[in-house]
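Chain lettering (A, B, C and D) follows the sequence in which the chains are written, and residue indices restart at 1 in each chain.
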Amino acid sequence: MLRDERIPDEELIEVESALRERWPTGADAEFESAIAYHESLPTTKRFADALESADQPLLQPRAGVPCLDDQTELLRYLDKEGGADLLPTTIDSYTRDNEYEKAQRGLEEARESGEDTLNGFPAVNHGVEACRELVEAVDAPIEVRHGTPDARLLAIITLAGGFQSFEGGPISYNIPYTKEHDLKETIEHWQFIDRLCGAYTKRGVRINREPFGPLTGTLVPPSIAIAVMVVEGLLAATQGVRSLTLGYGQVGNVVQDVAALRALRELGEEYLPNDVVVTTVFHEWMGGFPPDEARANGVIGLGGATAALAQPDKVITKSPQEFQGVPTQEANAAGLRTTRQLIDMMAEQEIIIDGIDKEQELIERTARSLLDAVFDHGDGDVARGVVAAFNSGALDVPFAPSDSAKADVLPARDDDGRVRILQWGDLAVDQEIRDIHDARLDERARTEGRSRSFRMVADDVDAISDGKLIGRPTASESDSEESGRATDGTDTIGGEGDAD
Amino acid sequence: MLRDERIPDEELIEVESALRERWPTGADAEFESAIAYHESLPTTKRFADALESADQPLLQPRAGVPCLDDQTELLRYLDKEGGADLLPTTIDSYTRDNEYEKAQRGLEEARESGEDTLNGFPAVNHGVEACRELVEAVDAPIEVRHGTPDARLLAIITLAGGFQSFEGGPISYNIPYTKEHDLKETIEHWQFIDRLCGAYTKRGVRINREPFGPLTGTLVPPSIAIAVMVVEGLLAATQGVRSLTLGYGQVGNVVQDVAALRALRELGEEYLPNDVVVTTVFHEWMGGFPPDEARANGVIGLGGATAALAQPDKVITKSPQEFQGVPTQEANAAGLRTTRQLIDMMAEQEIIIDGIDKEQELIERTARSLLDAVFDHGDGDVARGVVAAFNSGALDVPFAPSDSAKADVLPARDDDGRVRILQWGDLAVDQEIRDIHDARLDERARTEGRSRSFRMVADDVDAISDGKLIGRPTASESDSEESGRATDGTDTIGGEGDAD
Amino acid sequence: MVEILGYDTHMGQTVILGVIGSDAHVVGITILEQALSAAGFDVKNLGVQTSKDEFVSAAQKHDTGAVLVSSLYGHARQDCQGLHKQLADTECDAVTYIGGNLSVGQDDWDDTREHFRELGFNRVFDAETDPSAVVSALERDLDHRTAEPETQRVRMNS
Amino acid sequence: MVEILGYDTHMGQTVILGVIGSDAHVVGITILEQALSAAGFDVKNLGVQTSKDEFVSAAQKHDTGAVLVSSLYGHARQDCQGLHKQLADTECDAVTYIGGNLSVGQDDWDDTREHFRELGFNRVFDAETDPSAVVSALERDLDHRTAEPETQRVRMNS
């Protein structure tokens, strides 16, 4: 039965051995020699230490290509030309699905054709030695970034391979990333991963764990993201994780973003045991980007400015090519440098903005209410509480593709551009808070002369890529609101490549 | 004798006729037919109306190439692909020196070779008809942007050519732009220009005038820029100008920039007659840019964000290629779109920052003190006061190349990155204000463990291009402060192209 | 548009919609589903991570006018291999569209489009596609089946 | 450096500095003047908007070790035409440097450098030049005149 309890040593060892047999490279991932390997690494590669001791937000991009030499070159480039403080290795989609055979085929194809036929680095297929080569080839500490519901073998191999930070979590790598994975099972899988990290930690190799804060990346209300982060943090702490980086994805409203990062840090520190070192990571806008590098640079600029104001421990940067596809190394490095310039120019300025406390209070109150619901649903057991709360809709994530979540919650921006909740579903939030959101959304509806509806949501989803924050109706749209057309065709961009 | 008095009709007519004979194209610049031409233009080309009625900051780039067809294409591109609201025509350096022969040679060379052998559009050489073709060929209103101490013939021809906005002023286009031009003479020349604009205005063609606020573009203390703007505004108003856009160049400290723009608007409205419509223009960072487009985009991003907060009537955008040289049209349009994205994403957010009032008060107090000095120096006559105040150093501009200014004032950033005055020269500012600046700079000196010196100024001049706001000493520099080296050579970038 | 054509729904014109492969990007199809439903189409949204088999059997089950395949994550080429053969085997004559981010990286759109045309898709849409363009294309392809869809350019950005 | 070389100033080594043509960009030479003075050179700063004639007569007037020409505004090619001929006519054997933004627009640096080498400049510096690189180059060229300055690469970004 699912419980938020530490996995016993024997079970850890047993499961680990079984998993290592799933793919030939598992054999090399031997724990004791891995500890020795980590101990042999220079202190500069200690991810947790680097992050926790920084006095300015550290910058980290996303990056993963199939082949080892290309990945090495890519990371070196991002270090040297982008000035990244921390490096990533993003894993490909087949590995995320545990389809190691398909990943193998992709990898071989990539090696032969020289083309990037996978959208990331298939670390399981590469195996422990290749990971270590990568870790040694670059100067900065590296994190495994992926999106894998069952990342146990990936964790076994990459941690043995010298990585000291591992992204993800049972909710954050299930709900936004998959349709059919059972949440209960995913939690068990991540308990194993956290337990493994705990085992390393106990031996002095403090593995940093980073739940994925942005979730679906699309107008996620801060309170929901924070509640999920705290829950994942608690589950990880139980298993012995002692370095935790809680995440949050920019929504684009400066006051709300700063308030949310403060609330995240505050609640993280409050709810997590004292022996856990809590840090925060801010993701530059994770929703749809403008199909134009110049405008994308504007979005990145606002991300950098917000990071300078909120001072998270880490910033995950975007590239100006985010819209189009996996960025070139040049564009990726450019995103880092644009962000750096903004942070460094703003870092020493004292900029105190009004109203952050009030927004933070609202966020914290809502997040607490969601957390209480989780505890209640599990009769005090967080693990069971999570499953039950998602099942009842007491906890929910907008646009969640997963069958484990109701995805009944719909967000929309208020008249100031802050993300509010338009449709509550069964979210465990009391009427008083709901009234606040409703009032704000009514205010917007009045401004726009239209009623609250899914159309607001759709407009808001596109707003930033269309160059605005709030998806206001265009003149012609509000005229013809009842006409039944989803959007008017007048200023459509892009489109179809039809044969002729 | 120089006086702040309206030039009589006869004198205007006389001087105008004489000037029109200086270059063959002058003949076509006939006032009455020019009025008729302006009246024939569609209302969308009325610069003053477009600017004064806007409810969001309008964006305008800089752009000028030698040939008419290229200039037309360039402006169309910036309109269509950059989304510029207002268009510029930047004049070449020879025209700025009234060297119409050299400009003619450059223009002919450009026509033959197809290369841009001039750094702008030689409007005098092109003449009235070509200007009108340009005005008609593009949709948005166009402004003449230059840097010409004696721009009388340029004004005669471009205004007759259908332009409705003319940048510059007797101080702002002398002090930063030239060495030997006599300030008194420059004032007389600009009195003529303003009088000409006044004549158009009286006939219903409201010519917009825009004194050049950034001055030397390099750490100009806001109070100095504002005092100069008000003085130029007053001189222009006397001659009948009724649409005035006062300028200010970003210093990079958000609080100071917002405060400065508010102070500019406030003092502009206070000091200028009621029948003058005062608007403001914010120039994105006018000092040295980073030699890297990605980081330059960060600088532009901060400019856009600041504009969103300060809500000037107009923003002059920079391009990511600012460091390198005159930008390609693509880079120029990119700067516009990056700025637009930031402004549009932030426009609807309410972001109230603390401490702006206090900084604004300090700026206004200092600017008033400088303005009082001007009035005193001229016994109530602004025109004479300006000359005398610059002569005595009561009014001064840092880094001014002009012999008419003492250039004894040296600015440096305080510990928060705000521009303060390190060396006062004879600036007409009382001890109380000086003490405030001194205290702030001492604070910085303490932080940096070095004494206040020119080295701070030099470090600050390079700081933004080096990726920071404040030019802090590097570790090795402060160690070896007394060693006599200007800078340590350790992290030198760029350098020399030696033969080998 | 609805008014102009003089009827309210596109009855019996089921549109199958889903994200193929192991791709979980759901936002695009959520928006599309809403837009197509609002325009009167009978939409069956299969959701994310839909296999070829699921697309084919859904197409079989209904009187399917169109199969809309979405892919964002960069593996569309691999994921769509053989889809049209399977559809043909079940004698499904629905028009097929694909849309989203159809290749890994910063690829050339012309090549990408050509590739998916060759795989058998009737129309290929990039990620800048506005839902209204999809509605328009479907209205043409489903209401005027006899017209040659290939000769119509339904670019909305005029 | 001062200590290492064992003397305090570069006596009698006048360095002429100015911005050529009608260019008024003064900030660069202000910084350079300060750095060169601090390094012990005897700097004559002619300021902005300095004509060729002014450069030449200043070089004549002093025991000039080096003539440093600055240009930012994009007209350096035109402005420097004939400068070296005039210097040669007065038998001035100072080394000549030019630095700044040496062409209009986003030009290729190699072409630009080549162009100014051909005009006769001993060293050509781009706008990313740190003053310390100028100090180092001058120290070599002025203190070790017998060495071949052309064979030394004084890139500081090692």
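Quick note on the criterion: contacts are C-beta pairs under 8 Å (C-beta built on N, C-alpha and C of every residue); 3 or more make two chains touch, one makes a residue touch a chain.
In UniProt terms the chains read A, B = Glutamate mutase epsilon subunit.
This is a predicted model, so every value here is computed, not measured.
Leaving out chain B only, with every other chain where it is, the touch network divides into A, C | D. Greatest centre-to-centre distance from chain A is found for D, with centres as Cα means. Remark: chain A and chain D have CA centroids separated by 53 Å (rounded to whole angstrom). Remark: chain C and chain D have CA centroids separated by 66 Å (rounded to whole angstrom). One finds 29 Å separating the Cα centroids of chain A and chain C.
Residue positions of chain B touching 2 or more other chains: none. The touch graph of these protein chains is an open line.
Of all possible chain pairs, the ones that touch are A-B, A-C, B-D. Those residues of chain A that touch chain C in the shared complex are 93-94, 96-97, 99, 106, 116-119, 176-180, 216, 218, 287-288, 291, 321, 323-328, 331, 399-401, 454, 458, 461-462, 483-489, 491-500.
Interface of chain A with chain B (complex): residues 252-255, 290, 292-302, 304-305, 333-342, 344-355, 415-417, 464, 467-470.
Residue ranges on chain D touching chain B, taken from their complex, read 1-3, 21-24, 26-27, 30-31, 34-36, 38-40, 47-49, 73-75, 78, 101, 103-107, 109-110, 113, 117, 123-133, 135-137, 149-157.
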